[in-house]
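A short write-up of the structure that comes next.
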Amino acid sequence: MSLMEARPLSLTERFAASRALTERLAGLLSAEDQTAQSMPDASPTKWHRAHTSWFYEEFVLGQDEGYEPYDATFRYLFNSYYEAVGPRHPRPERGLVTRPGVAEVSSYRVHVERAVTLLLAGSPAAALRELVELGINHEQQHQELLVMDAKHLLSRHAFGPKLIERPAEDDPDPAPLQWRHVTGGLRHVGHEGDGFAFDNETPRHTVHLDDFEIASRAVTVADWLAFMDDGGYQRPDLWLSDGWAAVQAHGWRSPEYWWDVDGGWKVFTTAGVRDLRRGEPVCHVSFYEADAYARWAGARLPTEQEWEIAARPVADRRGQLLDPVRLHPGLAGEAMIGDVWEWTASAYLPYPGFRPAPGAVGEYNGKFMCDQHVLRGASCATPPGHERVTYRNFFPAGARWAFSGLRLARS
Amino acid sequence: MSLMEARPLSLTERFAASRALTERLAGLLSAEDQTAQSMPDASPTKWHRAHTSWFYEEFVLGQDEGYEPYDATFRYLFNSYYEAVGPRHPRPERGLVTRPGVAEVSSYRVHVERAVTLLLAGSPAAALRELVELGINHEQQHQELLVMDAKHLLSRHAFGPKLIERPAEDDPDPAPLQWRHVTGGLRHVGHEGDGFAFDNETPRHTVHLDDFEIASRAVTVADWLAFMDDGGYQRPDLWLSDGWAAVQAHGWRSPEYWWDVDGGWKVFTTAGVRDLRRGEPVCHVSFYEADAYARWAGARLPTEQEWEIAARPVADRRGQLLDPVRLHPGLAGEAMIGDVWEWTASAYLPYPGFRPAPGAVGEYNGKFMCDQHVLRGASCATPPGHERVTYRNFFPAGARWAFSGLRLARS
Amino acid sequence: MSLMEARPLSLTERFAASRALTERLAGLLSAEDQTAQSMPDASPTKWHRAHTSWFYEEFVLGQDEGYEPYDATFRYLFNSYYEAVGPRHPRPERGLVTRPGVAEVSSYRVHVERAVTLLLAGSPAAALRELVELGINHEQQHQELLVMDAKHLLSRHAFGPKLIERPAEDDPDPAPLQWRHVTGGLRHVGHEGDGFAFDNETPRHTVHLDDFEIASRAVTVADWLAFMDDGGYQRPDLWLSDGWAAVQAHGWRSPEYWWDVDGGWKVFTTAGVRDLRRGEPVCHVSFYEADAYARWAGARLPTEQEWEIAARPVADRRGQLLDPVRLHPGLAGEAMIGDVWEWTASAYLPYPGFRPAPGAVGEYNGKFMCDQHVLRGASCATPPGHERVTYRNFFPAGARWAFSGLRLARS
Amino acid sequence: MSLMEARPLSLTERFAASRALTERLAGLLSAEDQTAQSMPDASPTKWHRAHTSWFYEEFVLGQDEGYEPYDATFRYLFNSYYEAVGPRHPRPERGLVTRPGVAEVSSYRVHVERAVTLLLAGSPAAALRELVELGINHEQQHQELLVMDAKHLLSRHAFGPKLIERPAEDDPDPAPLQWRHVTGGLRHVGHEGDGFAFDNETPRHTVHLDDFEIASRAVTVADWLAFMDDGGYQRPDLWLSDGWAAVQAHGWRSPEYWWDVDGGWKVFTTAGVRDLRRGEPVCHVSFYEADAYARWAGARLPTEQEWEIAARPVADRRGQLLDPVRLHPGLAGEAMIGDVWEWTASAYLPYPGFRPAPGAVGEYNGKFMCDQHVLRGASCATPPGHERVTYRNFFPAGARWAFSGLRLARS
């Protein structure tokens, strides 16, 4: 480790780095790519770039009465879901906001960056620094969403265009699955301490767990092919009722982005359409599929509490050294954090004693705690440094455009 | 208590009683009423009567090779959702199955009753007796669904027809809400022992709970009016994101079945359209509404574990003496079981170590454990004797046609 | 012809006969059958019976201030689409009006019949007699709708129940198609004279037609099988754009009510599921299918003006002698009226100079003159005496539940 | 008139001019604007630019075996609706084709223009010249669609951005409406002669018309305000049944693009949001609204035959001199062609003896002749020189994004 790495980055430096990474990702996309919205759940790149700037205007810069917003209409155009802030552009029509264009969004970003940098230079109060910290983490979340959404958009194109270049890779056999025993009892889960965490990771609290076992690696493409070969997508007994309805409604017969090309499976990746790689963690599966696979395998998904307890000793810190634009899972290995988000058996609910922050920023997490499912870990599209063993990601049971896979557990 | 009551009823007697109660409830409805289906989630009375008979044919009588089904087409027409049994009539079109008619369904019921009674007279194996027990409990569930569905159907009629006659009742002030303290620690929840329980109530297992407080009575109509007067249905900050979307999509501004008649609230009941009764538990609210109310009141919903622990000492046994066709909540009192189902904060998930029964009957509960919410207690439409402190009822967050209310808790 | 038949029936007699025929048709259906609504475009039998009574209450009996309506709520429940009359029960929910029941609808009908009969006995004004005449014709239209709707309802039942009994029939080869030449020039079309006609058949007016040829018989089942064998449902070049979209959206590959049973075609009829009969006119095809067939056959559909001119010399009067409950086409013959309605190439538009009647009754026809298609002739479900060479029936292009076929023309 | 104007332009010159006008219109829009699709019925500017080039590749250049298509994938991406050509990108997802980008579409256009120009320089056969003529007219149609679609897109933006700059204009009182008498009898309608016409304007044929009167000018904004003031959008008696359903479903209470700003009407135009101008022809009304207005005014819409006969003596040729990017109606005047398309009472049907062209190009018009309504004239967005007295434009009854108005007639 070099001397430079030894010094922790300042808030200003981390702010600048997070802003730069968004632009580096956006730079993979043309103005046209940045404008389109491929489904109501996804947003245009341009919108992500503007919204992550609006967030600072609304919650940080707006605290200063003298601050002049870049453009008064942006408060309407780039608010995501904060009811307390006021009316906003309808989500399914974000792709129709062709103005401001990409170039003007760049100007907007520069404007906001200057203002935040100046503010930080002035030794602001702790509360304001915490909001900048939240803004950085918020932008990191949108970096992954930006990649997910752009990948989904490009996948709608019949000819599979690329987001990045990546050379072909070999495909060694995946490591055999092993079971790690974890001893139960009274355990503590949730975030505690000085570092940043989202409100939904708190408060730290006590749970009782029985003994359990957890798989040594994520479920791989090779595993998934065995599930498919065994009629996994044709057997209702393996599926939740809603899951089976989804299979039939959408005609699912493989993970998202697997393309049947002349009778053989290819996979659409951020680097174009490729052969399957058997040793990779399976990715872009829904909760329904993860749950059905686990049932087929005679196992189950871990609860989020089990996952957190099991991950603590093996949580991978290599994330901070990784290339932030690799954007595709590597081979399934020992680390529990870093390739694919892992669906858990847990519904996304408030921890005992959970309290959202006061004001509009309190809408960040709490109001989504209904009919969503917790994923743990992080993915190849999660910006380095954003991962955390207590981190709670969440999506609806049918979502497949996240970089989502699974790991088995059993009692 | 008389001598007669002292003797527990035999399985045959309980079978006969459960069959008779279905017919008593159906007798409140004309052939036309029994045929219609008011929404995909509801079923015609006639269908409930036939389906609860098919259940015995499929799972009990069908075990005997010599059994002759009443009509081979009924296996298709009256299977509800058992994939393992084979294809079935589409659920949203149950109202189109005008044949068999009501009279023939009566014959079908008699046919099945004779066969089950003969079978029970022959000292069947324990496994078969357990399936009859399941059949009785299954039919009891459908008795409540029958009432819910019939009430929903009649409510679609502009002029509010009646299901039963009931005299007007006075409306004393509700008892003031008090908070009962419950001490936390390691506790055991779930069913254990000889009595009947559904698989979803098992296995009994250990949980860790913090201390909490629970309200001495359910939320009343008077309470709800205060919530409405305070803009409860107009303030997005009180609602889950999906809940607020539901308020706007459906135009909710009161519980289901409250009718705005010339600017004043009336309530559509099984006995027709009436004045509100302030002391009753509020009924026919969704999980979204229950959650928003609790937030407004500075409290929260109890988890199902908290509810079960709190209810144990005060669970009401009077249910077994009640009129099975009262079909409307009484005044909110001390009992935690008997007037309205109470929404909890818990998602409907498998208990640790849950295993569904083998075969088609294993589809009874497990496959619905996704994106539903647990209700505890029982309601005025639950048949007497069917309630249980470990009972787990469940509905989607937006459902309002169940007899569902709420009780507050706080940490 | 007997002496009795020689005397024209009085208005009172025709009123009574039309009322009786509705009851005779309804008598084929149970109370349950009469209650259900199989799609928004169809209505329950019970509703047809009540609505045709309401029509007299609203437009005839209501003219007398002293008339006491049978039940004030029926004005809301049984108004079909008359905006000028006031609000009404939503059309897609007619199947939920379980009350009044079938027996009470019978009482309602008797009540109305008595009142109209008394009124007619009192030598009412010509205008009132004309409204009774309209009421009779209105009820005749609903008799055919009642049959169409009941057939559609029973068809949704997986096991094909029957409406009537009818013995098996042989299937002689259809007569070869011949072309009749019709000379063009200035011609007059539309109704004129003393007999009853709907307003949409007037005024009689002049059109210019080129010479054309018309087929000697309707397109038969045998013809249609040839179309199907030649890929008729797989070739987009044969179809209108909207028609091809309908083929794909609904998966059409045969006329409505043709059932693929173990790889062979059967047809669901009012007398149950049967073998195809090659000599019958094809029935239950949409305008899209009729148009595609004509294109495939190198011909076209006649315009309604051509049809009317061609039909005049060969219009079949036998209808008046036919069994009013045969309810299935016979073998395709010379007559242009009587087995199936025939789609024309004409959009349903007002004739030059068309004026709807004043008042609510003016909504009878005019407001539907948009995006519908004219059918001419009559069908096996049209009550005898209701057919007329100037009669304009109409349905949307995709409708298939009418008794609709086609006849070819060419220039 | 100058000497230059006296010489008719060559096919090559007209080809070049039509290509240039498309680019001039597209030049009003950014790359982002050109990418978005605001509804399934509209297409992105970029798509129009590419599709009008594909049309030449498919139908003209592709006839030469040696022609190398610019990009083989464009045949899939930019086919509009020609089934005979093969599969194509789904219409509602044209906004997701972000690649090729705007710059590459420009290259594509240049490639095609060079090839067509070379081909024309080589004295091609008459059939090929006719296809180029069709290509020019096809591109002109898309120029108007491009403007309609871009206007619709910008209208979805809450702040009303501009497509062009235009100074404010005064608003003199509209000329009083006068009635022109037209004598009926046998008349000839449809295209005949050497000039270009679409197949749907042929063959010329004979019709019989009664005498009629036609208004001296189009219905104006002032007229429309009177209709609105008289409850035009609240009175079901004025509307077709489908029209009234549309009013209620969409909440219509003014023409499209009229914005209620603080209680007063403004209009969104291609030059931004402005005050109403009372003397302009009303624009962006649906057929339903045009029909209701005519009924309210005690008049009716003319049939397309009446319109054509009435327009012949007063058809405005000034169009050819007009600015092709004015894109907004002027004051209502004597001319029947040039400001707004005028809805007629006629359904869009084939003329007697109509025959579509053989091959894929035969899908151009004929397959849309169902449930659409004819508009006559031309609009401020129709490219100069494209208008024709026999021209048949058509849209569904509910469409409002075309530059569509109306003119009254009466018998």
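Every chain is named by a letter (A, B, C and D) in the order it is written, and numbering of its residues begins at 1.
We adopt the following convention: a residue touches a chain if its C-beta (ideal position, glycine included) is under 8 Å from a C-beta of that chain, and two chains touch if they have at least 3 such contacts.
Only a predicted model underlies this, so the values are computations on that prediction, with no experimental measurement involved.
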| item | value |
| --- | --- |
| Chain A and chain D, separation of their C-alpha mean positions in angstrom | 46 |
| Chain C and chain D: spacing of chain centres that average the CA atoms, whole Å | 38 |
| Whole-Å separation of chain centres (CA-atom averages), chain A against chain C | 59 |
| Where chain B touches two or more other chains at once, by residue number | none |
| Pairwise touch network: line, ring, star, complete, or other | ring |
| Which pairs of chains touch, using the document's own definition | A-B, A-D, B-C, C-D |
| Contact footprint of chain A on chain B as seen in their complex | 81, 83-84, 186, 205-208, 210, 236-237, 239-244, 287-288, 291, 345-347, 349-350, 352-353, 363, 367-371, 397, 411 |
| Interface residues, chain B side, partner chain C - complex | 30-38, 46, 73, 76-77, 89, 93, 95-99, 101-102, 153-154, 156-159, 161 |
